[in-house]
Amino acid sequence: MLSLTLTVFGEFLMKMKIRKLILAPIMAVLFTAGGIAVTHAQELVVVSWGGAYSASQQKAYWDPYMAENPGITIINDDSASEGVAKLRAQAEVGNVTWSLLDAIASDTISLCDEGLIEEIDHDSALAPAPDGTPATVDFGELIVSPCFVPNIVYSTTFGYRTDLVKVAPTSIADVFDLEKNPGKRSLEKKPINNLEWALLADGVMADNVYDVLSTPEGVAQAFAKLDGIKDQVVWWTRGAQPPQLLADGEVVIASAYNGRLFSAIEEEGQPIAMMWDWQVFDLDGFVVPKNAPHREEVMKLLRYATDTQRLADQAKYISYGPARESSAAMVGKHADLGIDMAPHMPTAPENAKTTLLFNYEWWADNQDDLNEQFASWIEQ
Amino acid sequence: MRSKLPPYTTPTERIWHYLFRFICGLIFLFLIFPILVIVPLSFNSVPFFTFTQEMLTFDPAGYSLRWYEDFFTNLNWRGAVNNSFIIAIFSTLIATGLGTLAALGLSRRNVPYRTTLMAILISPMIVPLIISACGMFFFYSRVNLQGTHLGVILAHAALGTPFVVITVTATLVGFDRSLIRAANGLGADGVTTFFKIVVPLILPGVISGALFAFITSFDEVVVILFVGSFEQRTIPWQMFSGIREHISPTILAVATLLVLVSIALLSTIEMLRRRTERLRGVRS
Amino acid sequence: MANATATSSEPITTADGTPLKISLARALRRDKIKSLALVAPLFFFIGLTFLFPIGDMLWRGIEDPIVSSYLPRTAEQLDKWDAVSGELPDESTYEALVADIKVGAKDKLITRVGKRLNYELPGMNSLFRKSQRNIPRIEEGPYKEAVIKVDKRWGNVETWQLIKTFSPTLTTGYFWAALDLQVTPAGEVQFQDEKKRIYLQLFWRTLYLSGLITLMTLILGYPVAYLLATLPLRSSNVLLMLVLLPFWTSLLVRTTSWIALLQREGVINDILVGIGLIDTENRLSMIHNATGTVIAMTHILLPFMILPLYSVMKTIPNSYMRAAVSLGAHPFHAFFKVYAPNTVPGIGAGGILVFILAIGYYITPALVGGTSGTFISNFIAYHVSVSLNWGLAAALGIILLGLVLVLYILYDRIVGIDNMKLG
């Protein structure tokens, strides 16, 4: 009991940032006097997306790293979907507790602009490819912001219940067509992707989508299209929800990250199929918050988790494409199921007939405005 | 249960009587069924909250201990269990200590501003949790308590004290003050009187108040979401994120275990209540 | 005590010679101080850990330091500018703006101004992001032209009006926004743009759904409480456990089980389909909407209705009903005329308790409410942790708190705080 009191009290003093003064020696005495082992393992809090995705990272990155570095414990905080807001709040409050954050590309652009995450020297901080190619070349254009270390290419696409839809949807227009396919749908509670899809379903050409969205009329057009299905939509906020909603039969069609659908279909054997029309490619990667705890350990971890082998390993557990060119060649079979992973990748030619290239810059500039509009629109 | 109907009841009354019992039965079912239904679901073999075909046909393949195993091996849950106990124990100690003192003070005669004081002291119970949580988040951020164990413990202690104040005051309501005078008159000093006379009488109130305070902290999820951060994650914190973020039936396994805990707690409280009544000589 | 001294002309004294009156008063004061000393630790504890935070929230609802602290020079210049004149500010204001942005851009702080103003006018965020990147490159004047070249919105009067409106360090803006109102540059209060009006509707929905939930708990709780109160104690104690078990079971456990029960392929729909009441295509949508919120919250709050009703009904003697019936009243008539009026205090207590608890609910609506079943608390949480519009969150919270306090006073009038019973 005494030791608990001291731990709690000690932690408070450390948070007060006065330990560097006189308190450090006093506390040292207190701790030794209490006979408590304070040398417990360093805990690195890694923030990611939960569910099947976190599981794949656990197996491909964190478990092997912890096995090699017994002093380190890596803990998963699954709140990446509120990552940007929470990190802003942590910075505002001056209490950053996250060591590493997994975030989508456009978010990292704004976080970098706001000075909330560290700029990274990719060539020195990251491992080169096995043949010596420097990281900047190996990742190539996927490094979209100086703060960003990409790890996967994923896509947001659609899954549907094979046994519950009237006819299998084949195009994005079917998602918005309540007559052809009655029943509830699930979309992400964010304007991103939904506005693009609404315009595509409304007949706007893919090349013009962002031009149209840059005008108030274009935004209104997109919302008007969404209005058509609004009361049939269950909004999801976490990547794990759409597969769950589909599996529960709560909705018949849902937008979802392709890897989550893969896991529900192949690993859990749910009666769900993919609809790849106008899948939206996006990047996901790691960023290091400014003033992150255990910075040195984090940089080591980052170097390890984004090397060629690790990125290739992740593709054994979930159908996301590794961000390194050198890893792409190493993608093989699923670790447990033994099926070929290549045809399940969003980039497979069969799946990538119509794809929308996600415009990170455009969203970095506009997402706060549109988020606001979207939040009001949903409540109306 | 089956109370005998008097012989003079008319058939209509008889029908009404049984219909009424039936309706009440349905309402009890509504109360209990949702709590029991999660038990079988927690043995699900797929990661969804649904009864699968295999489960309904009692196929052993549809059942597994997968989620219980996850609960006992997963680092996140282990941390959550530790935190839950640390936070609940400390906040209960604070709440019980301060609450009991205040209740003793409030129960004395001639307390000035009694109603106002009482209103202020039990205000954490009245103010909606979301508002307390919001205010605490803002204020604790300013004083560097946000995201610390101490911050969460203080917050939970504040939420728990009204229960202690109320339960202890309640045990003191029927308290016969002449007992203290009698003790003093017989030569006992203040300390002896307190421990020999007052403590045994208020003890049930203190214990049940402490239990309320403990459960308040143990079960609390709104304030911890705001005032705590990942390092302070408690079982409810982890369950909330479990429902929202990764939707794993591990939370059903945890839920089943928690139902067992609440049955145990409930029995404890019931026993205490009976003890008080016996002590007070209330015949039921 | 006073009577004893009032009648005698000679003051009665205690053994040491002090008049009894003074001695008594002294003892009384000592007694009071002693009582207060016992209460004091908790009083200060609650003050520091709880009342201060509530006060802080009130403060956050009116403080607005962003614009004045990151654009101090600009704010000073704008003070002299006539916002309703329809003309752009002068060159010196633009110069001040460039100077402010140059300072703030070093630590990338200018985006914060954009975030703050974006709550009021969408588009401000991207304007300030762009300006943070490009304005520091402006080397020399004329600044007006150069700044407008960076982004043409700097040539709009509205942009400047907005900055001027939010330059003071205190604002009532959040409270207006929480009521779907806004202040124009000319100082008039008017309704927000129709697309942004959501809070009044949310307050109304919160009150309406809470009322509905209260009514449901009353309808379900009344018969149960009546049964408990009229059964012999031995059997009613067993049944009481069935009421207390949900009361003691974690809120999240109960919410989780309602998710499992109510979803389309959940237990209830399965049963309904199984007994042929509905076909499988027409499964009911009972979750992710207001229905889900009402059902789950009725279940969760039902014990809070049953317990006060039960404690009131227990005190009504059975003989009342028997007397009425033996005097010739029909049992139903007797029930409504004799028994029911006696239970009114219980209905009032349970009703207000459930209603107060319901309007502040957050977890259950967040998990089962979808969009049509969310409460104002969910928006408070949204502004605290997602949009980070803390001022608006505080304002919404204070309004909600005000509502609760009014209800609480009502509760006190009807039942009295002291009579609050637990389980």
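Chains: A, B and C, in written order; residue numbering restarts at 1 for each.
Convention: a residue touches a chain if its C-beta (ideal position, glycine included) is under 8 Å from a C-beta of that chain, and two chains touch if they have at least 3 such contacts.
Bear in mind the structure is a predicted one, so any value in this text is a computation, not a measurement.
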item: Most distant chain from chain A, judged by the mean position of its C-alpha atoms; value: B
item: Chain with minimal offset from the mean of all protein Cα atoms; value: C
item: Among all chain pairs, the one with the most C-beta contacts; value: B-C
item: Whole-Å gap between the CA centroids of chain A and chain B; value: 37
item: Distance between chain centroids, defined by C-alpha means - chain A, chain C (Å); value: 32
item: Chain centre separation in whole Å, for chain C relative to chain B (CA means); value: 22
item: For chain C, residues contacting two or more additional chains; value: 263, 265-266, 384-385
item: Multi-partner residues of chain B (at least 2 other chains); value: 49-50, 244
item: Chain A: positions in contact with at least two other chains; value: 92, 248-249
item: Complex contact set, residues of chain B against chain A; value: 46-50, 75-76, 79, 86, 89-90, 141, 144-150, 153, 229-231, 241, 244-248
item: Interface residues, chain A side, partner chain C - complex; value: 82, 85-86, 88-89, 92, 110, 113-115, 184, 234-235, 248-250, 364-366, 368-373, 375-380
item: Interface residues, chain C side, partner chain A - complex; value: 107-109, 111-112, 114-115, 118-119, 122-123, 125-126, 129-130, 132-133, 195-196, 198, 201-202, 263-266, 283, 285, 287-288, 370-371, 382, 384-388
item: Interfacial residue positions of chain C with respect to chain B in the complex; value: 28, 31-32, 34-39, 41-43, 45-46, 49-57, 60, 220, 223-224, 227, 231-233, 235, 238-239, 241-246, 248-261, 263, 265-267, 270, 299, 302-303, 331, 356-357, 359-363, 366-367, 377, 380-381, 384-385, 390, 393-394, 397, 400-401, 404, 408, 412, 417-418, 420-423
item: Chain B contact footprint on chain A (complex, rising order); value: 4-5, 7-9, 11-12, 15-17, 43, 45, 49-51, 54, 73, 75-79, 81, 90, 92-95, 97-98, 237-238, 240-241, 244, 247-249, 268-270
